[in-house]
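In the two complexes that follow, subunit A is the common piece, with subunit B as its partner first and subunit C second.
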Partner chain A sequence: MFTQLTSGNCMAAIADTEQGVLIGYKELCPHCLNMEKMLVKYSKTHPDISLFRLNIEESPDTFKELGGERPPTIFVIKNNSVVAQKAGLMNPKEMKAFYQRS
Partner chain B sequence: MIPKNDIKNVIFIMTDSLQRDYLTVYGNEWMKTPNYERFAKQATVFDNNFTEGLPTVPCRRAMMTGRYTLPFVGWSPLRPEDTTVSDILWGTGIQTSLVYDTGPMRLPKYGYSRGFEYTKFIHGQELDNHFLGDVCHLNPDDYLEEESMKGIEPHIIESMKHEMKGILANRQEWRSQDDHQVAKVTLAAANYLENEVDPKKPFFLWVDSFDPHEPYDSPSVWDYNDDDCPYDPGYEGKDQFEQIPGMVEGRFTEPQLKHIRSLYAEKITLVDKYIGKLLDKIKNLGLWDNTLIILTSDHGKPHGLDEHGHGLMRMVRPWPYVEMAHTPLIIRYPGYGEGERVKSYTQSCDMAPTILDMFGMLNVEGKKTSGFDIQSSCNTEDIQGVSLLPLIRGDEDAKTRDFAISGYYGYAWTIFNDDYSYIHWLRECESDDEMFEILYDGFGSADGVHAETRQSEDMWTCTPHTKVEIPEADMLFDRNKDQYQLNNIIKEQPKVGEKMLKKLKLFMGELRTS
Partner chain C sequence: MKDTISFDLAILGGGPAGMTAAIYAAQANINTILLEESTTGGLVNSTNLVLNFPSKKAVNGMSLMAEVREQIDALNVPVEEICEIEHLDLTGGVKIIETDEAVYEVRAVILATGRKPIELDPPMDCDQIHYCSICDGGVYEGKRVVVVGGGNSAFDESIYLLILGIRHITMLEIMDDFIAAKTSQDNLFSTGKAVGKTGVKLAGIHQEDGRLKFVVAEHCKTGEKEQIDADGIFVFIGQKPSSRLFANHVNLDPQGYILADADMKTSVKGVFSAGDINQKTFRQITTAMSDGTIAALSAERYLRI
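Our next item is the complex of A and B:
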């Protein structure tokens, strides 16, 4: 479901993606886990959108380079670049609206 | 759109304020509820059903939308973004109908009757109890004991007597049991089934009886046959059928409380009788084996000390103790689960997915051909509850959850599992803690409800004379030794308390993202 990214391949993956969502997470963060569950549900109705995850404790510099500040943060990828980001919690409906207006 | 199996229809029967402990099928040994008993033998009984958001209106919102309400919204109207069962079924060829006398569902601005293509409202209950006009020969003072008014502000007494005059104005015309509200609602539902519904098409009928909610205007109160209340014969005090709400101590004697509970029990027996008549009609019309039938309620009712209501008379505090939260649920799914009991935890938000699953519409996308954006949002993507049909069928992978939540929006959250129950009282300081941030961040709202409305939403019940007063500290109870939550053990078992609270808060966070 998710493609795991690292500092070594994150920017290249974004540059290679037409439509995608990336979550910046911490391993033991329960809210990150809830957001990943939400993205799984969201992707069922949006199968064309690729899902990525980035462990921000293992790749803090990449997270910072993307503009992230705290987990969980969602990055919207459109046309090979990050076009929007949002920290905090969302449900699938809010995610849909966020993606559409980004 | 029409299901491929033999079951074409769904009848959902809600009886408001029907406390679980007053049904013989749930262990009551001093009452008569033979029709619920008879139905249960041919159906599946759910032993751990809990209403997640109390009371009347949040419960119906969860049942209709399939979404949890507790952390997000209280007693308030349906919003345009809420998608209900009737929204989803509209335009699918399935007939939808609502027969009811529950005032909060009728209030036009509340919107809870929206989407049903056939509606029949029976006048005369709360919010509509001045329908007939003036009372002639009945006097509210004949139904109130003097001490029950002790310490109550005069304007509250006046307000209660005004409400009672409306009730008496309606009741002065009654001459037999068939005049009672539950009789009129169930007879109207039977009439719909016999004369209104198109038998060639599937239908979804929601029957919503406000009885046995107060007033406890049971047959013995009106003395059609000079009978005593069967559960308290020989009582010589007044029939306090519409009690002045508040704390019990100092205002009601134990014999008076027993009589009030007996009038409530008598009313439940009347409800049982007319639900039985409706079930008979369903059978006689040949619908018994092609219709899913659900019997449930929204909450119980406090009437006294300890297990009878933790000191309350009526719902005057936002206290989600077990007598309020643990509710009856019995489902007849023809061909499956006859006489079975289910221990899995079920919630009010499971009703919508169960109903939709029966129609084969649990996973529907919005209608894309209409050209109206609003119709594309009539889909099932928001549903958080689960269908109970796999549980009833005994499917190998069927499961719901191993705990349930309940509570009052903005005031109290509670969690029940097999071993313990925990009540988390939401105090003012809650607004500063992490949980508040979790629920109300994101877009600055939770399900569209802005954070600032959380503590100011004071309309949480329809009971007059209410007061938002909650205990100082959280509570933990042992469900196996103390089913009525009378012995708080949080000081003896703080680690268990911490674990339960953590589980509760994590689940609330999960709801925020689902």
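Our next item is the complex of A and C:
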């Protein structure tokens, strides 16, 4: 479901993605788990959107480079670049609206 | 058009009460589904260290709940997470639960939706206000935070924030005294990195460029206001029952907790309740699991008759 990214391949993966969502997460973070499961549900109705995850404890510099501050942060990828980001919780309807307006 | 799916039992809520009920129901060969609006684990997921769970000397709350979830998955109980319940009818012999994905027809229901943190009232629009130190504490390493609340949760979470490297904590308690256990208070204040202010309330915040700069604390008796520099605010002022969904279905007490009997039966036939959502004195992981056990066994008896 998710493609795990690292500092070594994150930027290249973004540059290679037309439509995607990246989540910056950390282990043992309940809100992160919530958002990952939300994205799984969201992707059922949006199979054309690629899902990526980045462990921000393992790749803190990449997370900062993307503009992230705290987990979970959702990054919307459109046309090979990050076009929007949002930290915190969202439900699938909010995610859909966020993606559409990004 | 949503699918209509039949089960014997639906459990609403996937915290320790709901998951324990699911285990007992599955072991009794009751065809069960568990519906959870967020992720399984409930409030325990936000507990850094559980120290009083039998068989575990010390365990992370999320890890503990993941183990319980593994047990449910091993028993092949279907779980629908991130589930929005759009309609509920508990009145008849067949109960109807409509979610954003499907319509479930069941013969019995266990309500185990637990509690949620109480948020600031009135709400304050600020990205630096948080309700979960595990989730959001790390970003404040080396910074100053204000903690609102004076109970055990506020002190335990503050100690955890210091472990994460928060530089300084100012505790704000609206009552004249902190109500947390004396040992918790001593543990926090003996660090020299926290100060407490009682009889004060959070009256306002000041942000610049979307960043919190300071909070305004107001002394309740004098009305005197005080400015406290802070990079973030953590709020631990108690919890409220998540009973809005079925407030018109089962009898609740004035605070919104379900009035269930010793067998976890509610005022509606075939509807049981378990865990923190019930009116009771003690709310622990173990008491929630006890409730879940009783609710599942009562539901089994109800379904077999």
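Convention: the second predicted complex is superposed on the first by the 102 of 102 C-alpha atoms of A that agree within 3 Å, B and C clash if a C-alpha of one lies under 4 Å from a C-alpha of the other, contacts with A are read in each partner's own complex, and residues count from 1 in each chain.
Keep this in mind: a residue touches a chain if its C-beta (ideal position, glycine included) is under 8 Å from a C-beta of that chain, and two chains touch if they have at least 3 such contacts.
Predicted model, so just to flag it, every value in this text is computed and none were measured.
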Touching partner for A:Lys64 - first (subunit B), second (subunit C), both, neither: neither
Partner chain in contact with A:Thr45 - subunit B first, subunit C second, else both or neither: first
First (subunit B), second (subunit C), both or neither touched by A:Met90: first
First, second, both or neither for A:Pro30, with subunit B first and subunit C second: both
On subunit A, the residue positions that both subunit B and subunit C contact, one per complex: 30-31, 34, 37-38, 41, 88, 91-92
Of all residues in subunit C, those that touch subunit A in their complex: 38-39, 41, 45-46, 60, 62-63, 81-82, 84, 100, 127, 132, 134-136, 138-139
Residues of subunit A touching subunit B in the complex: 30-31, 34-35, 37-38, 41, 45, 86, 88-94
For the subunit A and subunit C complex, residues of the former touching the latter: 26, 28-34, 37-38, 41, 69-71, 87-88, 91-92
Partner subunit A, residues of subunit B touching it in the complex: 81, 365, 381-382, 438, 441-443, 447, 506, 509-510, 512-514
